[in-house]
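You will see chain A twice below: alongside chain B first, and alongside chain C after that.
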Partner chain A sequence: MGELAADKHVKYIISVEKKKDSFESVVMEHLRLNGAYWGLTTLDILGKLDAVDEEDVISWILKCQDESGGFAGNIGHDPHVLYTLSAVQVLALFDKVDILDADKRLDKINVDKAVEYIVSCKNLDGGFGCTPGGESHAGQIFCCVGALAIAGALHHVDKDLLGWWLCERQVKSGGLNGRPEKLPDVCYSWWVLSSLIMIDRVHWINKDKLVKFILDCQDMENGGISDRPDDAVDVFHTYFGVAGLSLLEYPGLKPIDPAYALPVDVVNRIFFSKK
Partner chain B sequence: MESDEGDEQQQEAERLPLSQRPEWSDVTPIPQDDGPNPVVPIAYKPEFSETMSYFRAVYYSNERSSRSFQLTKEAICLNPGNYTVWHFRRQIIETLHADLQDELAFVGRIAKSNSKNYQLWHHRRWVAEKLGTGAVNKELQFTKKMLSLDAKNYHAWSHRQWVLQALGGWEDELDYCQMLLGEDIFNNSAWNQRYFVVTRSPLLGGLIAMRDSEVNFTIEAILGNPENESPWRYLRGLYKDDTESWINDPRMSSVCLKVLSTKSNYVFALSTLLDLICHGFWPSEEFREAINALNTPDSGPLDSDLGRAICRVLECVDPLRCNYWLWRKSKLPLTVSSQ
Partner chain C sequence: MSTRENSYTEAEALNLLAQLERILDLDPLIDEVGFIHPSQFATLKEEIGDSLSLEDRVHESTSFWIRDHKLGISTQILIPVYKAAKHAFISALRQYKTPGNFSGKSQDDTLAIEVMIHSKALLLLSCDFATAWNSRKLIVSNKRLLPILMDELHLSALVLSYSPKSEQAWSHRRWVINMIARNCSTLQWIIERESELVEKIAERSKMNYRAWNHRCWLVSFMTREQVLDELKKSRNWSGLHVADNSCFHYRRRLMLRNLEGFCYTQDNNSSGYFVETYQIWKEELDWNESLIKQYVGREALWLHRRFLSMYLIKHMATHLLAVSCQSKPKASVDIDIDSLMDHELCLVHSCSTTIADANFEDFQAQAIHSAAYMLWLTKQIPEYQGIDIQEKLRAGVGDVTRMLKRSCPDRSSLWDYLVGYHSEP
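Take a look at the complex of A and B:
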């Protein structure tokens, strides 16, 4: 089996942050906060978070915060839930969540209603779509199962049925797809895998073959991971590939929490410090 | 429908810098403020920086004018992911009472190269919702066009489902699913839509009334491609909440037997038969014979319990999931003997 080219991936991520004039950096400029989360969490899993300047990152993130408390994708944009999540996650990596005015908490949300809505999106195959009646999709399943896990409501999931649907995502090459008859993609190593772990059914896929598939998606020369072997790499797939390997207990990687998608030590730090 | 991006592309080719446009001469552009120590500043192209600097000017002054409206179009074309610009455009549309049909046409023109852009689809829905039932045909046409480019585009399907439920237009939907499945019987999205129509259309008789013809259609699809996951799941779905009818419908087990007899692509046939047995179906001797005849290497002498025998075969022929089949075997109801 191949090897994880960890150093190359670290170099790749640092270089992406610096590649300012590419087409991608322009069309992605509104979601730089997401990009920061993908890149920085990958670095942390690889034990290399210190490769970036913590103060620079944090002061930039705070500039993305709006008076509503929400965060925008970049300076000058409107606040949005997606980027607020990334901001909180990145601050958590640096153990700086306390600098936020944490007035928005789980107890401020009607969790029961949220759970009710999620359950209404459950399909007969055990999976979840985006809306009631929507096709089951692994990315959507991750969101629903993760939310139910955080809300302590996993009993709504038919774990055996969903576990089977999820393990049927593994194709001959060892990779995972997101829906029946679609191509495998490294990011599903995260969406499918973390879902399986949250419902205790990860042993139903062939882990070795999945590891091999992820490793085959690496660019061994320049670093980074792509959606499938021989395609172009990007930070998004680099993150999900490395995170997937962490879930598969690949040696040398920090363990990652499947629901929060952050390193376990970061999540523990937050929970143990809550009063 | 407008899929021709000619308008926008032409404008891009002929672009005059905003600083040289007389209608903008009174506006002071606001450059992006990345702070004193910017973290990895991006080297934007000049036209991008300029457009966004003028955008910031009208956005912060909340100028909802026709020149702002035009500017949001340019900004969107430069970066269609900028949700702030889309949002401001909507505010301008409301203030100016802009023509919503024109707006649909605009979205239609840039949709092809932005087919999976969340902001675009959200905007489309917003416009369609304002137009109401009058927009049905256009929206069905639009999603049909997008699906002809990518028949599994999740955004397109979500939008189409929203249109049907919010605005109507169910008349031809089953036929549409039929057509898509004719083009690609493996299209899981089309199967999902078929289920959506059969169970929710106010024009059809409901699941139970449709069940018989749907079972026949699905079985034909299965026999054509038994390795196709979707129709097997669809078949099970036709009997939701009614396990009794499911195991008593002779077509369920007979399709499994037919596929097993071909001795190829029988994994789903085996797992379906296993499910039937677990729910109380009593397999006759021909099932045992059919499984014997598979002659699976490594599976050893067949277990006397048919359920266990099936699991053993599956462990061999579907090795990626052998742990799942081992678990299924462990969960089998204990029987004294098979029939």
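Take a look at the complex of A and C:
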């Protein structure tokens, strides 16, 4: 089996952070905060978060905050809940969540209604779509199962049925796809895998083959991980590949929480600091 | 990419932006946008010839190309034009939103027009620039006139022509349709057109989740007639795309919607409704079977069958019981679960015997799918079904499980669980 080229991946992520002038990077500037979350969490899992300037990152994130309290994907853009999540996650990595005006907490959200909505997105195959009646999709399933886990409502999930649907995502090469008949993609190593872990059915797939698939998706020369072997790499897939390996207990990686998608020590730090 | 893109001055970039916006203004019927490498421009320019039209005026430009309402933009200028568009948009939006600038109606309109012009150019270059979509929603919601709303549909269709997975574009369409829904007379026609648009986009963007999700969303606006019509109309397309799980999910959505309607019908027509509904399900099963035999080893077809037989057995059988007791005359269909199961087991058996051709991946896949389908049936059959059925299922399960563990060992734990060797927490 190949090896994880950790140093190369660290170098790759740092280089992406610096290179902002390609067209691809320019037209994705509205979601830079997501990119920050992917890149920085990967660095933390690899034990190299200190490779970036914490001050720089945090001051930029705070500039993305809107007067409503929400965060935009980049400076000057409209706020959105997706980027707000990434902002909170990145601040958590640096143990700086307390600089936020923590006015919005779980008790301010109607958790029961939220759970009700999620359950209404459940399909007959045990999976979840993005809206009621939507096709089951591994990414949506992760969001729903993760949310139910956080809300303490996993009893709404038919674990056997969903586990069956999820384990059928593993194809011959060992990789996982997101829906029937689709090609395997490294990012599903996260979404399918973390879902399986949350419902205690991860033994229904072949973990060794999945590890091999993820390692095959690395660019061993330039660093970074791609969606499938021999394709171009990007930060998004680099993060999900490394996170997937962490869930599979690959040696040398920090353990990651399957529901919060943050290193376990970061999540524990937040919970233990609550009074 | 050449370094020329970095050497555009601000003035040059603004000029390019002005050119783009002028083109968009002069030809409101542009329905497709593409990005062309500069080296291909020379070839395309030659094809234009001596026309006296918009094309002529654009002919001189080395950055834009237009023909038959198709717009081509040189990849070389993308970054400078994007930056200019973004700058112009943000500045216009800031002015529009500044209180005190709403002093006179004409001034308000001018600022709004600026925002609309610049956001349009920006969205052609960066289709998921949410702030730009948001600003258009803000301005349009102050007007709410049908032609303006249709313009928004046109713009998002233009964006989808080169970026069919843009969630912002699809979501904008739903926002517009919700606005239009208050004017009922055009709604049904719009829903039909939307459904056709999705099918067109799905043709070249296979299993496009967002496109199909949009189509599923439309179903809640459909009348029962439209639902049945959609089932009929989309059948041919589905038959030609048997590996597209999304299109079969759409059919399931339609069938469930039709069933919902039945559940709420309590009048004397209910038995007729039921018969029709049952026939639809039966036809779907028969059609699915013909596809399964024709297109060997297609996962999407088998998954569709899981849904169909499960629903028929679990839900419609109970409905039949309820309806036949009430209706006069009695419902003329007879759901015989026994013969249904016999039929399914026959089908599974016929697919399994092709294991002899295990050298061919498709036949092996067919055997695996049919075996998994059989295990699915054993799990889905409610306990109150007759002993005969339970025994028939149990008889076949041993062989099937052995075969599955051999040809699909990655899922051994699942197979063991399904036949009850282990229990799960």
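Basically, the second predicted complex is superposed on the first by the 275 of 275 C-alpha atoms of A that agree within 3 Å, B and C clash if a C-alpha of one lies under 4 Å from a C-alpha of the other, contacts with A are read in each partner's own complex, and residues count from 1 in each chain.
Operating definition for what follows: a contact is a pair of C-beta atoms (placed from the backbone, for glycine too) under 8 Å apart; a residue touches a chain by one contact, two chains touch by 3 or more.
Note that the structure is predicted; figures quoted are calculated from it, not measured.
Participant: Please tell me, clash or fit, for chain B and chain C sharing chain A in the overlay.
Facilitator: Pair status: clash.
Participant: On the A-aligned overlay, A:H203 touches which partner chain: chain B = first, chain C = second, or both, or neither?
Facilitator: both
Participant: Determine, under the contact definition given at the top, whether A:P180 touches first (chain B), second (chain C), both, or neither.
Facilitator: A:P180 sits against chain B and chain C alike.
Participant: First (chain B), second (chain C), both or neither: which does A:D125 touch?
Facilitator: both
Participant: So, A:K96: does it touch chain B (first), chain C (second), both, or neither?
Facilitator: In the superposition, A:K96 contacts neither chain B nor chain C.
Participant: Does chain B (first) or chain C (second) touch A:L31, or do both, or does neither?
Facilitator: Both chain B and chain C are touched by A:L31.
Participant: Using the superposition on chain A described above, determine whether A:K159 touches chain B (first), chain C (second), both, or neither.
Facilitator: second
Participant: When the two structures are overlaid on chain A, which partner does A:W60 contact: first (chain B), second (chain C), both, or neither?
Facilitator: first
Participant: Same chain A residues contacting chain B and chain C, which ones?
Facilitator: Of chain A, residues 21, 26-27, 30-31, 72-73, 76-78, 80, 124-125, 129-131, 133-137, 163-164, 167-168, 170, 174, 179-182, 203-206, 209 contact chain B in one complex and chain C in the other.
Participant: Mind listing the chain A positions that touch chain B in their complex?
Facilitator: 17-18, 20-21, 25-31, 53, 56-57, 59-60, 63, 72-73, 75-78, 80, 124-125, 129-131, 133-137, 163-164, 167-168, 170, 172, 174, 179-182, 203-206, 209
Participant: In the complex of these two chains, what residues of chain C are touching chain A?
Facilitator: Contacts found on chain C: 1, 6, 75, 78-79, 82-83, 90, 125-126, 128-131, 134, 207, 209, 212-213, 216-217, 219-220, 243-246, 249, 252-253, 256, 298-300, 303, 306-307, 310-311, 372, 409-411, 413-414, 417-418, 424-425.
Participant: Which part of chain A faces chain C closely enough to touch in the complex?
Facilitator: Those in contact with chain C are residues 21-23, 26-27, 30-31, 72-73, 76-78, 80, 124-125, 129-131, 133-137, 159-160, 163-164, 167-168, 170, 174, 179-182, 200-201, 203-206, 209.
Participant: Please output the residues of chain B touching chain A within their complex, sorted ascending.
Facilitator: Interface residues on chain B, with respect to chain A: 32-35, 37-45, 48, 56, 78-84, 87, 152, 154, 157-158, 161-162, 165, 186-189, 192-193, 196, 199-200, 228-230, 233, 236-237, 240, 319-324, 327.
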